[in-house]
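Look at the two complexes coming up: chain A is in both, with chain B in one and chain C in the other.
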Partner chain A sequence: MNTPTRTSVKVAYSLAGGALLILAAQLIGQFGLAGRAWPPVMDVVSYVTTPAGASLLWRNTLVTFSSAAQGFLLGAVIAVLGAALALVVPIIRPGMDRFAAILHAVPTIALAPLLITTVGREDAPAVIAALSVGFVMFVTMASGFANTSSAHQDLFTVIGANRTRRLARLELPRAVPAFFDGLTLSAPAAILGATIGEWFGAPMGLGLVIVSAMQNYQMALLWAAAMAATIMSLLAYLVFIQLQRVAMRRFT
Partner chain B sequence: MTRARSIGMGIVHLWPIALLLLSWDAWVVLNGYTSTVAPRPWFVIADVFTGFADYVPSILYTLGMALGGLVGGTLIGFVGAVLVWWSAALSGVVTPAALIIRSVPITALIPIIARIVGYGDPAVLASTMLICFFPAFVFTLSGLAAIPEAGRDLFTVLGANKLQVLSRLGVLYALPNLMVSVRITAPSAVLAAMLAEFLMGTSGLGALFSQARSYMDMERSWGTALVATVVSVLVFVGAQLMERRVESRLT
Partner chain C sequence: MSSTATLTPMETKPAEHATRTAVSVNRADKIFTLSRGKKLQALAEVDLEVREGEFVAIIGPSGCGKSTVLRLAAGLDRPTNGTVEIFGAAPHELATQHRLGVAFQEHALLPWASVRSNIALPYKVAGRKVDDARVDGLIELVGLKGFEKARPKQLSGGMRQRVSIARALALSPDLLLLDEPFGALDAVTRRRMNAELARIWGEEKITTILVTHDVDEALILADRVVVMTGRPGRVRTIKNVDFPRPRDAATTRSPEFHELVDELTSLLDANDGDAA
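This part shows the complex of A and B:
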C-alpha cells in the first residue's frame, strides 16, 4: 500500500542528493579547496560546449566505445561457449574453472606487452576489454548453468534426452537471468579494459586523452574526458539493468 | 593416500597453465622472434629467480598498497552502507555518489587523483581504496537488508536500540557478504595499485614494469608481468581462505 510513496520519496532523496553532490563539486572547484586540479564544474561544462572540445571528446569517445563494444561481444561469446563446453564435457571443467580464476587475477596491465606484440597497438584495447568481460561472463554463466534442480535433471534423463538436448532445453533457458547479470557486471569492465589498452600507445581514444591531458595539465579536458568515460559506463550499466529486469520477468 | 591423490588431482587440473607455457614457447620459437620482441618463458622464469632481490621491494610495495587499499576501501564501504541503512535522508546523498563511483573507470580516476594529491603513496592508496569501496558498500547493504523481520521484531520487543540491532544482528548478516566483496575486489586492488604505479612511475611493480619497458628489457618486463600475476593470484587465494573461515565461524 505504501510502496509507491516510499519509492517516490527515495527518488526525491536521490535527486536532491545528486544535486547536492554537483553543488559541492562546483564549490570545491570555485574556492580551490582541492587545488588547481579540481576545476569548478561549470568550467568543465563550458569546455565541453566549445566546438573544439566537443569534437575532440566525441571522436575519442566513439573510438573507445567501438573498442569496448567489440571486446564486449567477443568476450561474451567466447565465455558463453566456454561455459557451455565445460558443461557438456565435464572432465575439462575443474581445469577451466581454475584457469578462469587465474586469468581473472592476472592484472590486465601485465598482459599489455604480450598483446602489443601479438595483436598490435590498435587492437589491444578491444582484446583487453574482451578478457575483462570474458571472466565475468564465464563465472556467471557457469553458476547459471549449475543452477538447475536435480529433479529437472532426472526428468530429462528419464525422458531420454541426451547431453546437448538437455543443454538446449533445460540449462540454457535457466541460465538466461545469469546471462543478463553477467552483462550488467561486465559492461563497465569492458570500458575499463578498453581504456587500459589505450594507455599503451593506442593512436586514439579516451584513455589516451586522459593520460595526455594529465601530463599537460589540461584540467578541463582531463575532467571532461573522465566524465565522458563515466557517463558511457553509467549508461551501459543502466541499459543492461533494464534488460535484466525484463529478462527476469520473462524467465523466472 | 587421499591427500596425495588430491594433490595429484590439483596438479592435473592445472593443465591449462602447462598448455599456456608450452604454446607461449612454441609461438616464440616458430615465429623466430628474437628476445627483444618476445622472450621465451624459461628465460623470463630464470630472470625472476636470479634477479629476485630486485623484485622484492616492488612486490612488497605493491602488496602493501593493495592490501591497505583493500582494508581501507572495504571499511569505508561498510560504514557507508551502515549509514544508508540507518537513515533514508543520508541514503539520498550516499546512493548517487556510490553509483557514480561505481561507474568511473579507474583509468579515468587515477590521473585525477594523482593531480589532486600529488604523485606518490597517497595517490596509489586512494586509487585502490576507491576501487574496493563500491562492492563492499553493495554487499554490506544487501546483507543488512537480509536481516529477517522476526529478528528485528524480537530485538525491538526486548528494547534494543538501533545500535544494538546493528552490532548484535546486522554484523552477523553483513560480515559474510563483506567477505565476498573482499574476495571479488582483491585482484582489482592489485590491478589498481599497479595502474597507479605505472602511471606515476614512482615505486612498485607497475613502476618496475614501466622502467623495464622503456629500457627494452623484455625479460624483466615480462618477468614483472609474471610476478604481478602470482601476487594477484595469491591475494585472491588468501581472500578466499579468509572468506571460508569467516563463513564457517558465523554459520
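This part shows the complex of A and C:
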C-alpha cells in the first residue's frame, strides 16, 4: 500500500531537484553570473534541436558509445580473467594488485602518446576506456572472490571439491553481486575514458567535439556535447544499477 | 538376509564391519598461534576411538575444543601433536573420496541455490550424476517436501539445518560429523529434530560423531557420550548409553535417564569450575 506512494514521492523529489538545477543553470547563464563561458540552458537546448546540431551530436555520440562499449567489454573480460587467475594462483595476487594500481596511477595524458603510437588514434579511446574499466573491475572482482565465507570454504573442503569445481560452484556465483557492482561503477568510467581518449586526435566522437568547440568558442556546442556524454553516462549507470539489484536478490 | 531384501543396501554395512575402527584420535594436541606469538591450547592429549556404525556424542562446556575434535576428524585442521586416522588413512582422504558428510554449526547452504540443488551439491562436486530418487528421498526424510524450490533465505532456521543434514547424508557417507546442528533452535524444534535424527540414523546406521552442549540430546542419540573438560580440552570420561532404541518419551522420563543426565551435567559443572 505504502510502496507506490513512497516511490512516487521519490520520483517527484528527483524531478523537482532536476528542475531546480536546470532553472539555476538557466538563470546563471541568462544573467552572465559565471562569465560568457556559461550559456543559458535554453541556448544549448535550442542548438540541440536544430537539425544540424542534432545530427552532429547524434553521430558523435554513437562513435563515443561504440568506443566506450568496446572498452567496457575488453576491460571487464580481462579484469575478470585476471582476478580469477589471481584467485587460483594466489602467489601472483600481490604482483597483480600492484600492477593494476601502478597502471591506474599513470595519468591518461601520459599514456596518450604511447597509445597513439601503439594502437593508433582511432582505437586509443576504447583502450583508455578499457584501462579505467579494467582497474575498477579487477579491484571489485578480487575482493568479491576473497569474500567467500570460511564456512562455505570448509564445506567445499569436506565434500572433496577440486579447484575447478570450487571456482565454478562457490567462488564464481558468490562473486556475481560484486561483478555487477563493478559494472555499475565502470559504466560511467568507460564513457569518461572514451571521451578523454578522443581528445588525442580521434577522427570523431564527443571528445573531439568538445575540444574543437572549446577552440572555436562554440559554447552551446561544447555544453551540448558535455550534456550528451553526461546523459549517456547516467543511462548506463541506471541500467547497471538495476541489474545489480537483480543480482543481489538472486545471489545473496 | 532375504527378509531385509527390500531395505537399502547400506543397512547391511554395520553388521559386516561392526568391529572395524572408523575414527582413531591418538594423543592429539591442538595449539593455535594467536597474534603476537600468543598461544592457545585447545586440545590436550585427546584419545578417542569410534567403531564403525557407532553414534558417539561429545559434550563439554562451550569453548572446550569439541568442535576442534570434529575439525580434526574432518581434515579441516591438523593436530599439533598426535595422530588422527579415519578408516586407517589421513582424514582428508575421506573427503577427497567424497565419503564424508558434515553438518556445520552455521548451515553453510548456498544462498543462490534451491533446497534441491543444495542437497544435490555433493553429487555435482563429486562429478557424479545426481541421483534424483535419493535426493527426493532425503527431502522427504527431513520433512521438506513441497519446499524443493525454496531458497535458504525463505526457510526457517530449523528447516535450513535440516537441509544441511540432508546434504551431509546425500552421498551415503561412511562418516557423519555433526557440529551442534541444532544449536540455534528453540527447545521444542530441537527435540523434534533429535527424534528425526534418531530416526534417520536408525535407517542409515552411519558412523556418527555429534558435538553438542545439550546433555539430553547426547543421551537420546548416542551409543557413547564423551565428556570433555574446559580449556585445554581433555577427555574427562566416556559413558556408555544403553537405553533401548527408539528412545521415546518413555525413555526420557525414566529415572535412569534422569540419573544419567544429572551425573553428566554435574561433570560439566565441575568442568566449568576448572576452566575458570
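To be clear about the criterion, the second predicted complex is superposed on the first by the 241 of 252 C-alpha atoms of A that agree within 3 Å, B and C clash if a C-alpha of one lies under 4 Å from a C-alpha of the other, contacts with A are read in each partner's own complex, and residues count from 1 in each chain.
Here is the rule we use: a contact is a pair of C-beta atoms (placed from the backbone, for glycine too) under 8 Å apart; a residue touches a chain by one contact, two chains touch by 3 or more.
This is a predicted model, so every value here is computed, not measured.
Contact with neither chain B nor chain C is seen for A:32 once the two complexes are overlaid on the shared chain. In the superposed pair of complexes, A:156 makes contact with chain C only, with no contact to chain B.
In the superposed model, A:214 lies in contact with chain B only, and not with chain C. When the two structures are aligned on the shared chain, A:96 is found in touch with chain B, with no touch to chain C. Judged by the touch definition given at the top, the superposed model places A:120 against neither chain B nor chain C. Judged by the number of chain A residues each one touches, B leads among chain B and chain C. Contact with neither chain B nor chain C is seen for A:201 once the two complexes are overlaid on the shared chain. Contacts of A:111 after superposition on the shared chain: chain B is touched, whereas chain C is not. The part of chain A that touches chain C in the complex is made up of residues 149, 151-152, 154-161, 165, 169-170, 173, 176, 250-252.
Residues 9-10, 12-18, 20-21, 34-35, 37-38, 94-96, 98-99, 101-102, 104-114, 117, 188, 191-192, 195-196, 199, 206-207, 210-211, 213-214, 217, 219, 222-223, 225-226, 229-231, 233-234, 237 of chain A touch chain B in their complex.
The touching residues of chain C, counted against chain A in their complex, run 74-76, 92, 95-98, 100, 102, 104, 106, 108, 110-112, 121-122, 124-127, 177. Those residues of chain B that touch chain A in the complex are listed here as 9, 12-17, 33, 37-38, 88-89, 91-97, 99-100, 102-109, 111-112, 114-116, 187, 190-191, 194-195, 198-199, 206, 209, 213, 218, 221-222, 224-226, 228-229, 232-233, 235-236.
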